[in-house]
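First chain A sits with chain B, and in the next complex the same chain sits with chain C.
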Partner chain A sequence: MASTYTPIATHTFNGSTSDIEFTSIPSTYTDIVAVLNGRGAYAAGTVLIQSYLNNDFTTVYSMTTLRGNGSSASSARSTGFSGLPLGYIPGANATSGMFGTIIAHFQNYSNSTTFKTALSRGNNTDGQTAAVDATVGLYRSTSAITRIGFATYGVGNLVSGSTVTIYGVKSA
Partner chain B sequence: MLNTLAGIIASSGGGVSTSYESIATVTVGAGGSSSVSFTSIPSTYTHLQLRVLAQYNDTGAGFGSMSLQFNSDTGNNYTRHDLIGDGSSASATGSGTASNTSANIGRFYFTPSSSIFGVAVVDILDYANTNKYKTVRALGGTDANGSGEVRLNSSVWVNTAAISTITIPASTYNLKQYSQIALYGLKG
Partner chain C sequence: MPDTFVKIASVTVGSGGASSIDFTSIPSTYTDLVVKVSGRATYAGTTGTLYVALNGSSGTSIALMGTGSGVPSASYSGIYGRDLSAATSTANTFGSADIYIPNYAGSNYKSLSLDTTSENNATAIYQSLVAGLWSNTAAVTSVNLTTDGNFAQYSTAVLYGIKNS
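== the complex of A and B ==
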């Protein structure tokens, strides 16, 4: 039976960088699923993680998000972004040892007909600035995605031990 | 400039895990489609997952709801709960009683000419277990660069029968070309 959910590549951060980009992503899958487990080194409770597609840093990204912080639920929207916000992970001010998880789905990433929509869920439970969020993002390009980058938004590295893995999901 | 991890580290073709398998995929053609059905679903998996890329076809602009029905059950046998973020506020809707004719899995964008497609990942848990009602969980949304929403949906089909058919019933709008619904089975 052909593999349907296949690990493509993984990266473990050593604490000296804020980003990583996966290149030469094969077009043979239907969806890409990224799993990031990380913590930011920036002195804040949380750090935003963004994705950059095809090395495109122009303002062609937008998103709608839903967030719960333990006391209230909220929603926000951003347009004209230069990256795709995926969710938050703990920063340096979070409880020691706390890492957050973001799972992002890049659906039908290799088609050259539609704009690319990504779906992500983030979990950042650190007892201080905890939150759970769900985000849908749009990359206004019909180009097939061959490169996916993950980075902290503007500040700080990802601490040593942070990981990101991308998987390919292939439909019949 | 990002730090680049050139090429592929892990093998992209060597994995032989068969715990997550593709069952069937429907891709909507040029004429559009009013409904989609998966039939004769084998009972050999533990859970099912639908991965959806969709846009509805209409002359205006807005969002259309997508739902599921199981085993051709069109009766009031489904509960629904939705948590919605519309870009400005969060809201919740739903009913804990079986008063709906389908399980809601999200809303998708429509417009006469657009490359914006919504997406959803839908989990149907223990679908073949004849001792349980069937739980559906969905994460989905559409961002339309200034409009859109993201939703968490949960539904229960109040029936212990094993699911052998999944139907996305016809709605007010047709599914547009390039929409794709893929069904996967997960073995436990």
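== the complex of A and C ==
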């Protein structure tokens, strides 16, 4: 029977760590959806959140992103990342109390024949560095994904109360 | 372990249209909220904005839009889904909106993610990605949707709850 958004694992940050990895992800779903609601502790307007798959930090990730900052649109593309950029959340210099939202879909994550793609939406409305973005990412590995990590891009911890949850979606 | 996307409430607009679609008395027992909208505005144009208010108050938003001929970005002093279909768009055609509100009952400001599109078998159309912010630490207990003019008959909105465990 198909099911949607079955919670697999969740984590609430306490302010002392910059990342969390979910391991032993079951292969029984079709797609994984991750929802992160958080704020970075780094002294900047925004903090980039990236994902690393199967504990793989080699340069096998690439992405294309489309961004709007409230006045203009831009696009960027990069290859050879050591993690998968998902989007930006507010940093320590953003308005107090403001959290951002990232929603990422990891499609067909458990197959062992294709490279893995992810679609993510980033939402950050902080006045100085606000942006809404859509990113498509590619993990150039045919391995089934059994581990998914979420981390700041080398810049500080996630503040207390930040959360990330992964859900399983079954197609049948 | 529960399957989520539990339907909390749904609205289907009847004959004569509706000035708003309101979800009230939202329980705090879920983690996130999702609102799925299929809507058409009665406004005498090809598109009508979807306005979102939480607990009766508006917020702010940033949009990235595709119009079929350009990619504008704009900021608003409200949470705006750009757009739904409206009265002079192709007949029997409704736009769509998907609104995600994580940690809606938490004590931080509420961040929203909206994806919206109008539909029209012509050149005037809007598809938008929207980041919304409700600068309030209160739990969300109501979601109010309005548009330009009224919601036309057969517009629908469904409110779902998602639990993270």
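Going forward, the second predicted complex is superposed on the first by the 168 of 172 C-alpha atoms of A that agree within 3 Å, B and C clash if a C-alpha of one lies under 4 Å from a C-alpha of the other, contacts with A are read in each partner's own complex, and residues count from 1 in each chain.
The rule we apply is simple: contacts are C-beta pairs under 8 Å (C-beta built on N, C-alpha and C of every residue); 3 or more make two chains touch, one makes a residue touch a chain.
Given the structure is predicted, the values throughout are model-derived calculations rather than measurements.
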Specify the outcome, clash or fit, for chain B and chain C once both structures are aligned onto chain A. clash
Once chain A of both complexes is superposed, is A:Ala131 in touch with chain B (first), chain C (second), both, or neither? second
For chain A, which side has the bigger count of touched residues, chain B or chain C? B
Once the structures are superposed on A, label A:Ile32 by its partner contacts, choosing first (chain B), second (chain C), both or neither. neither
By the touch definition at the top of the document, which applies to A:Asn111: first (chain B), second (chain C), both, or neither? first
Touch test for A:Ser171: chain B only (first), chain C only (second), both, or neither? first
Which holds for A:Thr163: it touches chain B only (first), chain C only (second), both, or neither? second
Output check: A:Gly70 vs chain B and chain C. Expected answer is one of first, second, both, neither. What do you get? second
Touch check for A:Thr101: first (chain B), second (chain C), both, or neither? second
Taking the superposition on A as described, I'd like to know which of chain B and chain C A:Arg121 touches: first, second, both or neither. both
Touching partner for A:Ile49 - first (chain B), second (chain C), both, neither: neither
Can you list the residues of chain A that touch chain B in one structure and chain C in the other? 3-7, 10, 66-68, 73, 121, 134
What residues on chain A touch chain B, complex-wise? 1, 3-11, 17, 19-26, 28, 30-31, 52, 55, 62-68, 73-77, 79, 105, 107-108, 111, 113-115, 117-119, 121, 134-138, 140, 142, 149, 151, 168-172
Sort out for me which residues of chain A touch chain C in the complex. 3-7, 10, 35, 37, 39, 66-73, 95, 97-101, 103, 121-125, 130-134, 161, 163, 165, 167
Okay, in this complex, where on chain B does chain A touch? 2-10, 12-25, 51-53, 55, 83-90, 92, 115-121, 139-146, 148-152, 178, 180, 182, 184
Which stretch or stretches of chain C touch chain A in the complex? 1-5, 31-32, 60-65, 71-75, 100, 102-103, 106-109, 111-113, 115, 129-133, 135, 137, 162-165
